[in-house]
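In order of appearance the chains are A, B and C, and numbering begins at 1 in each one.
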Amino acid sequence: MPFVQIYLGKHLSQQNKKDISLAVHQSLVDIFSIPQADYFQVIHAMEPGDILYPESYFDVPHTGNLLYIRITARAGRTPDMKQALYEKIASRIAAATPVSADDVIIIFVENDLEDWSFGRGIAQMVKK
Amino acid sequence: MPFVQIYLGKHLSQQNKKDISLAVHQSLVDIFSIPQADYFQVIHAMEPGDILYPESYFDVPHTGNLLYIRITARAGRTPDMKQALYEKIASRIAAATPVSADDVIIIFVENDLEDWSFGRGIAQMVKK
Amino acid sequence: MPFVQIYLGKHLSQQNKKDISLAVHQSLVDIFSIPQADYFQVIHAMEPGDILYPESYFDVPHTGNLLYIRITARAGRTPDMKQALYEKIASRIAAATPVSADDVIIIFVENDLEDWSFGRGIAQMVKK
């Protein structure tokens, strides 16, 4: 059910993009216990000037590899679960790609069970 | 007032895109009773590898025609109204384009009346 | 902390894009008192047919310069602060670019302090 939107620089390779996508998905599987098949994402490969960021914020420096991960999910996960998710996503991306953990920015937005249709015009999560 | 973001494959034709856009808008008019002029959308025509989805989820199979429709609207519609909206959008798209109802994924996100400006720097829905 | 997504026509120049981006950021600094370094945005330069809008809504007419600004921020700002923000953003963009205040559409979405990671896998705003 999470819907993930990734905004990254077009200089990253197809393999990098794939690894980043899988890092996010596998972290959601591990920490939020979503099913493996619950894999819904879009990736935007952006021109360098179209991703804007500060040199540093909260004492974390940033580079041209900075990427944004926007996760929409139903409400209900605790702050601790979210913190664990961020840590897992950032470390997985850093391990698999040239993007460092410092350049992984995550924004979480929540909705409700009735706010999802996974096809066929049905709101599957509240289906009676 | 809804703001609609559509993410679809670039293989779809301009006419398909137009038909999908209108299917979503007309369904919002019919089910949520928004005015005809309340038509605010962006469409992202994506590379095939940039839209990610499972082969099947909730027993609904997916193909390369899968598209995401992200709807932001003010809070207040009931789960039944949302379910009716999903059904209308999916059936309209299936009737007008090569995209089947199974490949129409919808994600709904809500905000409040003060969260909208329709130009001129005014928050029209809470204007005193 | 706000994350800003701007959807504008690709006919606008690089300088226009930069001025629009800065107009939004500086307005957030002025009205919401965010730090100067809290500058996180993506800009989507769209094909003309991929930005859809009505000729007029709420008595505000629109042109091909219409742009969407989607702001995600933590909850807590009052309707009056949001109204002041919209006014500041629209007037700044109109002063610095060919885009008129009528064509500046703003959509606000809120989340919570634990919904942000500014890199390094940390939820900085709720860090213990």
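What we mean here is this: a residue touches a chain if its C-beta (ideal position, glycine included) is under 8 Å from a C-beta of that chain, and two chains touch if they have at least 3 such contacts.
Predicted, not measured: the structure shown is a model, and the values here were computed from it.
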Any idea what the CA-fit rotation angle from chain B to chain C is, to the nearest 5 degrees?
120
If you list every residue number at the chain A and chain C contact, are more than half found on both copies (same) or fewer than half (different)?
different
So how far apart, in whole Å, are chain A and chain C when each is placed at the average of its C-alpha atoms?
21
On chain C, where are the residues touching two or more other chains?
44, 109
Partner chain C, residues of chain A touching it in the complex
7, 44, 46-47, 49-58, 60, 62, 66, 68, 70, 79, 82-83, 86-91, 101-110
Where on chain C is chain A touching in the complex?
3, 14, 17-18, 21, 35, 37-45, 72, 109, 111, 114-124, 126
